[in-house]
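Once you've had a glance at the structure underneath, I'll fire off some questions.
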Amino acid sequence: MQEAMIKRAKELLADGSVDRVIGWKRGEFTYDITPAVFTSAEEIDSDFVCDDFTAANVSKYLVKETQKEGKVLAFLKPCDTYSFNQLVKEHRIDREKVYVIGIEGGPKLDIEKIKAKGITGILSVKNEDYTLRIETIYGTQTMPFYEAVLDKCASCKSKKHVVFDELIGEDGDVLDSNRFEMVEKLENMTSQERFDFWRDQLSKCIRCNACRNVCPACTCENCVFDNPKSGIDNKAPADSFEENMFHIIRAFHVAGRCTDCGECSRVCPQHIPLHLLNRKFIKDINELYGEYQAGADTTSRAPLTDYTKDDCEPSVVHERGVE
Amino acid sequence: MQVKENFEPVIVAFCCNWCSYAGADLSGTNRLNYPTNVKIIRVPCSCRVNPMFILRAFQKGADGVIICGCHPGDCHYTSGNYFTRRRITLLYSMLDFLGIERNRTRLEWVSAAEGAKFAATMQQFTEDVKALGPNRRLEDLRCRKQ
Amino acid sequence: MQRIGVFVCHCGTNIAATVDVKAVAEALGHEPGVVISQDYQYMCSESGQELVKNAIKEQKLTGVVICSCSPRMHENTFRKAAASAGLNPYLVEIANIREQCSWIHKDIATATEKAIILGRTAVAKVHLNTPLNSMESPVVKRALVIGGGIAGIQTALDIAEAGFDVDIVEKQPTIGGKMAQIDKTFPTLDCAACILTPKMVEASQNERITIHSFSEVADVKGFVGNFTVKIKKKARFVDETKCTGCGLCTEKCPMKKVPNEFNMGLDNRSAIYIPFAQAVPKVATIDPNYCMMLKTGKCGVCSKVCSAGAIDYKQQDTFIEQQYGAIVVATGFNPINLDKYDEFAYNQCPDVVTSLELERLMNAAGPNGGTLLRPSDKTHPHTIVFVQCVGSRCDDEKGKPYCSKICCMYTAKHAMLIREKYPDTEVYVFYIDVRTPGKNFDEFYRRAVEQYNVHYIKGMVGKVTPKSDGKIDVQASDLLANEQLHINADMVVLAAAIEPDKTARPLATMLTTQMDTNDFFTEAHPKLRPVESATAGIFLSGACQGPKDIPETVAQASAAAAKAIGLLCKNSITCNPCVAHSDELMCNGCSSCEKVCPYGAITYIDKEFRMPDRTTKVRRVASVNPAVCQGCGACTVACPSGAMDLSGFSNSQIMAEVDAICK
Amino acid sequence: MQKISKAKLYELFDDIASKQTLYIPTDREAGAAEYRKYESGMKLTKELNTVRSAKDFFFPQTENLAEFKIDGKNIEVRDIREECEDFVIFGVRACDAKSFTILDKVFLCEPVDSFYKNRRDHGTVVTMACKRPAETCFCKTFGIDPTVPGGDVSCFDDGESIFFLANTDKGEKFVESISSFLEDGDTDKLMEVQTRAREIMGRLPLAKLSTENFGGDKLNEYFNSDKWAELSEACLGCGTCTFVCPTCQCYDIKDFNTGHGIKRFRCWDSCMYSDFTKMAHGNPRLTQLERFRQRFMHKLVYFPANNDGEFGCVGCGRCLAKCPISMNIVKVMKALEAK
């Protein structure tokens, strides 16, 4: 697929259809891939990569890219197309300035899962028929491919591209995923257990803002947490309350807008399962207000800017699950 | 949870100007007693209540937060309370998901004519929060009164 | 540096009896920024206001906190006082220590403590208040009256009299409403039609009044002084401008078996019809549910006989849009549906009728030409039982909790008329109470009892059973005699409760006005503003606000007209400055706010920004029209970046209040 | 050198913990280690290093500096400084140990940061030599020998025993305090382990990375480099690199209103943040490019310029592992060097 992408990117650059290409650039090791903008065939030939580690969702970069002159080619995985659509819907991306090529999605690999197996000194990772062959300074190791798959890919919601100008490879379907399993598990815990679970998780937060800054739904010009005038700005979790508040408010601000791309949890240096907060909102919205997938289209009304006269009362929260 | 003796909870009530605040006034006019724990903040509409305000109240020492608005369909601004209902339902659900006690938060529809309902609601809510004891799960330790 | 003045009102003993006002003033005097803190007997009095004004001038106050009654009472009073002393009126905050403190608490210590917290909260807020200036918005010199009953007609006539254009929207083919169906009026027993129809004609002939009959309000946008209303003119399949009202079509129409709603379904009319002889406009209407031409395409008789060529089978619903400065609601009432009252056999027995049906039965233009005959066998009834409070003053779900107010009097009227005209008829009235508080009302009732020998029995009818011989067994209890009664009646008349018209609820939503739980419109103040709704520019006329008899309705209709005229006389009105505004530097242009705005007050503009690095960037940002915004604040919460804020109730002000309460 | 058998190590921990607070690196979850206060039963991690650096012990993410008690219109300033209790950190790697000397240059020069000094004076750093470096390690670039770590006491693991070597007076005192657990040991095997580790260090992918093209005199050479635009292009502007970095030492001072007073505290700040060093007129570094450049210029040019050639990086590799978009100091150094 990488070859086909490189070929198409060079063609489109050459015939002037696009001025820039956004994709991924290889790094020092096999896995440290950086989203990058390419402007020449030479750069693409030397650095462009699309492999098991190109998990980063590049749609958010298009906010900045479409503010510039000219047209940009973006390679979007199915999950990325949802984020893209949502950003178009919110007028953050100028659709006219992007040429979208839909590419096959994951499952992509999580280097942290490989390292968690105690594998270190990694020189290369090769997928040989769904067994990973990992060359290290300390010798060769193997592990099953699926044990190293990113969490966000393991519960993939859709292989369908909701927007594209052309496709490389096949388009897929919306999947019947198991993505709400963990949310349900938590819902079935007691209130105290849930509290303990989240305290354990959120107390790890170092407020690096990686989750927020990578999130395609967080494109505010000035985040309330950075804005001293907002009254809730803060830079560090100085108290457990602030750990909670940051993540509650962030989840609330993206509620009904979050496409469940899973980037927040992928980038968290402390491995906090932040996507569960967003998924909780998604699950609630689906159950209480009807199935809704943010980014599936660019015209529907988001659940929090909509209502029906016979919506449930908040007491529904009291009536279900465990206290 | 163990209930502290003489625990007097701090309760913040956000009331919409047109219905619930007037309902609160009416319970005053009718001399209907409810606990002094409840302190009312007047907002134009229940849809003005930002989740930020609710969290802020808990941070600064509130033990319970209640939002009161016009009955669905009666909003002075037509649709405000419908948005409130969705937002607050989701927020309360999230707080519950994080293990915050359900009875610390409430949303009630109180019309300008329901002075008795206002007083009864506040009475009941205060009792519920008293039963829970002080807010410990969503407090900011720095703000705890010495 | 803030210089805040705090003024604590005793309100006589209303506050001072339960709140130690001196202690409150003392405590608040220590709050940061407070330079003067005083208490006074009556802050709202002339001298109380003078105290505030002097303090503003002498102490150069930057903010004022009044600890007193509800801001709903005197906020405006104190804002005006501040303004007259040179302080922006929006730098005044009220701490409600009466309705929300002294009146509900008994213990002085805790009530005082709470009053201090409420005062402290207001001080915290006023620290962050900013001067706000009201905008002026022009007033459209035209009024809309919704409903063409006696209330609507009277209001329209009064407004037109004052020189303003006024439109009546009536959902029926004719104006006139319930009063047109009534035979005689109490307590004078004069003919309803005789006093109503001249008013109907007057309305139709007044050149300032436009009547949109067979029309409904489809949409309302805008705000006081500038409403935009979409009116749906339902297709009547007859060209109003051509129809002369000759009535030939109604005679010739072959479809004659249509229940006549004007006569409460007690007789039939044709598919093309004019509701009654004095209808205004006197124009025929085709009932599409029965017209053979419209249903099957075969017939066309009316078209053939109409010499004016007014019949138009292809007529469609049309919409007109019109600007109004004021809207008067006069949607009236209906008797409740009695389907659930099996005990009174209303659905089983044609001789059990409602009072309104009785009106038609007794009316000269009614089904029997004014002779009182039983609907079942057209015989003269000799024993008639009236049942009061059917569905009124009810605790259960079938009925209404309120008193319908008019039943006692019209029943006395009915009983008297029957006894007058048919002295051989025995009339029984079963009542819970007889309520006659009105001019000449009790005298009227006593005449029924004393002069006409109507049998008034305190007690409720338990069961009404039609018998095979055509008689009706009425089982009841006489509470005073403490005995069970069986009356062998020929007719039973039920005084059904009245309720607001079903169209009122969706209309209230469109108008953003409030209703009570019974769907009566809520007035802005039960005593002092009885004909205004809480929504500016919307006035209430007649029974839509609560049960009323005709004189009360007419009085209220004129009062509503006076209020509307007061508004229409102004060239412009002052807008509420507590509206939303967007910080363009922070706005993302995501459109969330626009989606939740009920007034369409938010639009987007592409704005060029000069970046700190001297480049320019064009961004889509929200822009609020302050004349259209009503200040609900829905947008402020929808906005994730906090760019949208609300003047007077800003994020920082509300959080300061939260902080002050919680500390 | 004195040693303790690895079998007896936890006994030693129990003993130390009974006298003062002991922190050891332990597994929070698979693949993620952190320092935790030692309690009986806790095990040392098998991970090479902790996710967060050890700087937290001396320079925590948030720290209260002063309190203002507010009563009506009166404000009373309260000094809340108090003497820190003694504590021991065990298992610090050479890179992190070196980071403390870098932090010392910032916080212990005049005017001395009394909060930092207080913790530093009371903390005993017990380091642990590395045997299995990761591919992201490049401490050698900054002249660190991970087989001979610094700190107050250096520890070495020969597979069977842990050897203790005191480097400072505080270290001497610590070794003395645990002498009952120690015995003299033969270091032959240890030498072998060290040689092997050094040999691996030479084979690491980043072994050839050098600082020779960087230093205090390179300001003009790099400041206006056209590489910054490309390097910073994908930067999210998050603070991950800064917060996992053992040498980043920037902080912000903020006031928090508790309702009954003000707590003045400092918290880590990141030069990657848009409001970093924001002043009344605005932000001196307008775009992410300038912020990004600041971070790396500081480590590679400004810091050595003001600190006798000492670089502001210890090659621990945390930013390589944790940056969400995998941009890091190694890529920056290589890109800038490539002419």
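Order as written gives the chain letters A, B, C and D; numbering starts at 1 within each chain.
Definition applied: contacts are C-beta pairs under 8 Å (C-beta built on N, C-alpha and C of every residue); 3 or more make two chains touch, one makes a residue touch a chain.
As the structure is a prediction and not an experimental result, all values here were calculated from the model.
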item	value
Remotest chain, subunit A as reference, centres from CA atoms	C
Chain occupying the middle, per Cα centroid	B
Chain pair with the higher count of C-beta pairs in contact (A-D, B-D)	A-D
Mean-CA-position distance for subunit D and subunit B (Å)	46
Centroid spacing, where centroids are CA-atom means, of subunit A and subunit D in whole angstrom	30
Gap in Å, rounded to a whole number, between the CA centres of subunit D and subunit C	71
Rounded Å distance, subunit A centre to subunit C centre (Cα mean)	52
In subunit B, residues with contacts to at least two other chains	51-52, 56, 60-61, 73, 79, 83, 87, 140, 142-143
Multi-partner residues of subunit A (at least 2 other chains)	222, 224, 231, 238, 304-306
Contacts with two or more other chains, residues of subunit D listed in rising order	256, 259-260
In the complex with subunit C, residue positions of subunit D that touch it	70, 72-73, 257, 259-260, 282-283, 286-287
In the complex with subunit B, residue positions of subunit D that touch it	256, 258-260, 263
Subunit B residues touching subunit D - in the complex, by the definition given at the top	60-61, 140, 142-143, 145-146
Touch list for subunit A against partner subunit B, complex	183, 186-187, 191-199, 224, 231-232, 238-242, 244-245, 248-249, 251-252, 255, 277, 280-281, 284-285, 288-289, 303-309, 311-314, 316-318, 321, 323
For the subunit C and subunit B complex, residues of the former touching the latter	70-72, 96, 98-101, 103-107, 110-111, 113-114, 117-118, 121, 505, 508-510, 512, 514-517, 522, 534-535, 578, 596, 598, 630-634, 636-638, 646, 649, 651, 654-655, 657-659, 661-663
